[in-house]
């Protein structure tokens, strides 16, 4: 048998592969709900919420190549929008007493973040790489400062933030109020993750998606070929921000309080999302999910090593019983990140794809040769050509050191064809 | 007037710290095109080392020099061990690795030096009476000293980059790695030196800041954020831009605290966002950064 | 004796105050239909001479000005109805009242790693040391060693939530004690109260911990910020000050002080002439803010810095005083800075000399307590069980207290024959116990009408030459004055 084996997209083997993948993940989720303790489920829910935000970030940074450290800002805005609406801090028409039901604040957060995201997308027209990253980072910190600003205290709660709200499961779920809160948030987060992943995957496959990838791979070329940079950048920034905002909204409702000093609303949050995205694999459908799981569970592991080094496999032989080492958890996590970047440089999903491609490949129904000659869809040809590397990484080969994310140097095996499995 | 002068000098002194750290970021950016997330933490590590050395009886200035050597080695080590092998494979993974270095160094500091805040002696006199009166304004010697250190460092860097072979090689590599390689410059060594130099400058920045702020593991977290803003404002590949950017932030902070009543020190970031957007609107590569030509 | 008279006056005033407090909280005091339990008069009556004001400092009665709030009832000083916890509203009422089998298992979630968090790590060492010491000395509780599970939350609230779930559902702890941070405690408060798991001695001083109507299973460890602000405001007023300025860190912690102080300043006839803020993450010297304070030149300053900012603020203060001879305000920095390290070693220009702070705990490294049994015991235990930790750091002591008070409550519950979560919580809510590490003269009580445990403290000032804090006023105890918090 020749390796790799090639299968046509849409063939029964391709569908079987997908079914297997979804089956395994689905089984894992159901097992988690039934078998895991509440704490494990809570942690898993955190991972799902981060995965939602990373899905948003992946759209603008992974697929469109615009490095953003502003997503913690959207995350914070989403959380605050929910908190302000459910506690009736802002006047809203048609709403009795201005008190919203928590569920409806999620789309509200999305709308607000979409609009703000469009505005944040405007500087992206002129700024590249680290310049854009830093401007968006300052945006995050500015958002945080605004929420703390004492002149707006009546609306945002100032430095004290907003507390005293909750999102109990609605009656139709059959869940038992407070006691099933964790289960409720788990299912809610999972449902939203599935929803935004399908939306994201649909977007990527659409004309817009191909234009996004074209912008990432060579902005000037994309513009020359008719991609409207202004529309693409602002709309995708808006969508990306909206998704991160919904994640933030869930986060705030789960936490039952918002406060501007919560680390994930600032630099730390933006860095977290970026790390999760790259670790999972930039511009990969499954990347956000895998990256978020990695981030949350490996960090949990690292902390548990720090809490009790003598009880851990890693250091148990080294330290005495009962020792606690200040900061050890952080060192372990830092080192794990370095090792991961060193040995899994294209992220977990990217690397798994590469391994799998040595065994099984999925090829598009249209032969590659015909595709390359298809001159009638100019905006797409650049992206398709680039798409063949299977490790799509944001960035631009030609822009030199002013751009942080650059296209992959290695692994551009033209025979490896990216398959766009729909996301979880 | 005298009040204004006092505020400006304080602002410039704060700004000098950001400028120093921004210089370090620029030196790294010029050599490998990375934003070194761990720059501040390496500086903090150096400051803790200064503290250990001074406690063992060494004079402060000598301790700082030795700590700068340590900073050089740590930063160069990061370049060689962490950045270079990953850079070859996938540059965007370097961000993750550098965030990893940031975390690891930050927490390593706590493991080595504990969690209590420390006092770091200054090279300048820091007694309550150590100020000079200029135009009726009491100006602290230690603050003027920090500004002086920045000027001296700038002169030294200028000499390094224009008068020495190694400095010229660093500029060549910053400009074009491949061509530099072709003319026989050992690019690897030069990159190593660039990172090391940045590490030393970072330690210097931390050693200048710690005496007035108290030395703790969180020393460089917020200066790092402001320094990276400064570097972007001035242009990521421009040392002079880094200095201007740093000083602008320091003075802005002083003006907000001093003269803008409805904003406080905590509203610096929104103000910086506005300044940054206005500057970058006209100069997308920062005030002094070099524009790059886009090719299809 | 001058001092004696003053002390008596202070006592009388404190008594009046507590009356006022009980009175004003009458509506909340009679939760349940319990008969009031007679309690002893406040311990302050037996206060030893250590609380005397030193010569030179004009000891004042911070309660003078409170006379305006006339007591409404005439019941005895610190009495209040016994609190009985309602387990019917629990998710699982039976679990709350079931006798505790096996060892007492305590959980806590504190920062052990992650940036700024690491500053609090000695707290955990203090907790562990108390438990180790207790087990070795007493052979455990109920014959079984007390277990302590410490989780690292990196000071982030979502991790606290994950940790607490883990502690409750996986480790199956009996109770939680000494979680650090306001948001961290707030985020787990609704869950723990619904599950009826005691959330004891949270290391924060926000008023939320007194909300026993909604959250009876939560109690706070630190002196409420409102008490501290009050002590200082009344002190300034008594000293004849008319203007005051605020310098505070712009977060929930600083905000709580600022709001309380604004209110109390008005009550005490103080005009606030400047308010300066600093970002919690700011590690620079607050020189611009200090320039503004010099311009405003108030009679007194309340400073609320965080961690190393305490020292940076006082260093700037020293500089400003030297350069501006007219600038000589009385300065108070909050009790969270009351650490010899922040005042002594970290301030090298004499800026901390004469700066006030307060503490309700003994300064363990102070010569004053060189012969104090409890302090020596603490230091020895720390040297034995946590030799790497700086025991002089008052945060190790706070950790120790969070465990001592929790285990004390469990002991009380056993004595009362109700060794269950509900029993422990009843013991906590009706506590009457002052650990040896707290200064003498505190009442240390809670009951149905008094939801705050530490409501007393002592103003101290730093003597830079001797490198010690010396008392700057009597021990003031506002026991019961905060009553019950209703948001």
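As written, the chains take the letters A, B and C, and residue 1 is the first residue of each chain.
Keep this in mind: a contact is a pair of C-beta atoms (placed from the backbone, for glycine too) under 8 Å apart; a residue touches a chain by one contact, two chains touch by 3 or more.
Keep in mind that this is a model prediction, so the values were computed, not measured.
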| item | value |
| --- | --- |
| Between A-B and A-C, the pair with more C-beta contacts | A-B |
| Farthest-lying chain, centroid of Cα atoms versus that of chain A | C |
| For chain A paired with chain C, centre-to-centre distance based on mean C-alpha positions, whole Å | 41 |
| Averaged-CA centre spacing for the pair chain B and chain A, given as whole angstrom | 31 |
| Overlap residues in chain B, where contacts from two or more other chains coincide | 106-107, 110, 114-115, 217, 264, 266, 268 |
| Per-residue overlap in chain A, given as positions that touch at least 2 other chains | 148, 326-331 |
| Per-residue multi-chain contacts in chain C, two or more chains | 113-115, 118, 121, 250 |
| Complex interface listing, chain B residues touching chain A | 29-30, 32-35, 37, 82, 85-86, 88-97, 99-111, 114-115, 217, 225, 228-229, 231-232, 236-237, 262, 264, 266-270, 272-273, 276-277, 280-281, 284-286, 292, 294-296 |
| Chain C to chain B touching residues, read off their complex | 113-116, 118-122, 250, 276-279, 281-289, 291-292, 295, 307-309, 311-312, 315-316, 318-319, 321-324, 341-342, 345-351, 388, 390, 393 |
| Residues of chain A touching chain B in the complex | 123, 126-128, 130-131, 133-135, 137-139, 141-142, 144-146, 148-151, 218-221, 224, 267, 271, 274-275, 278-279, 282, 325-331, 333-338, 340-342, 345-347, 391, 393-395, 398-406, 408-410 |
| Chain C-facing residues of chain B, complex | 3, 6-7, 10-11, 13-14, 17, 106-107, 110, 114-119, 121, 126-129, 131, 138, 140, 143, 209, 212-223, 253-254, 257-258, 264-266, 268 |
| Chain C-touching residues of chain A, taken from the complex the two chains share | 37-40, 42-43, 46, 148, 158-161, 163-164, 166, 178-179, 181-182, 251, 254-257, 259-264, 268, 300, 303, 306-307, 322, 324, 326-331 |
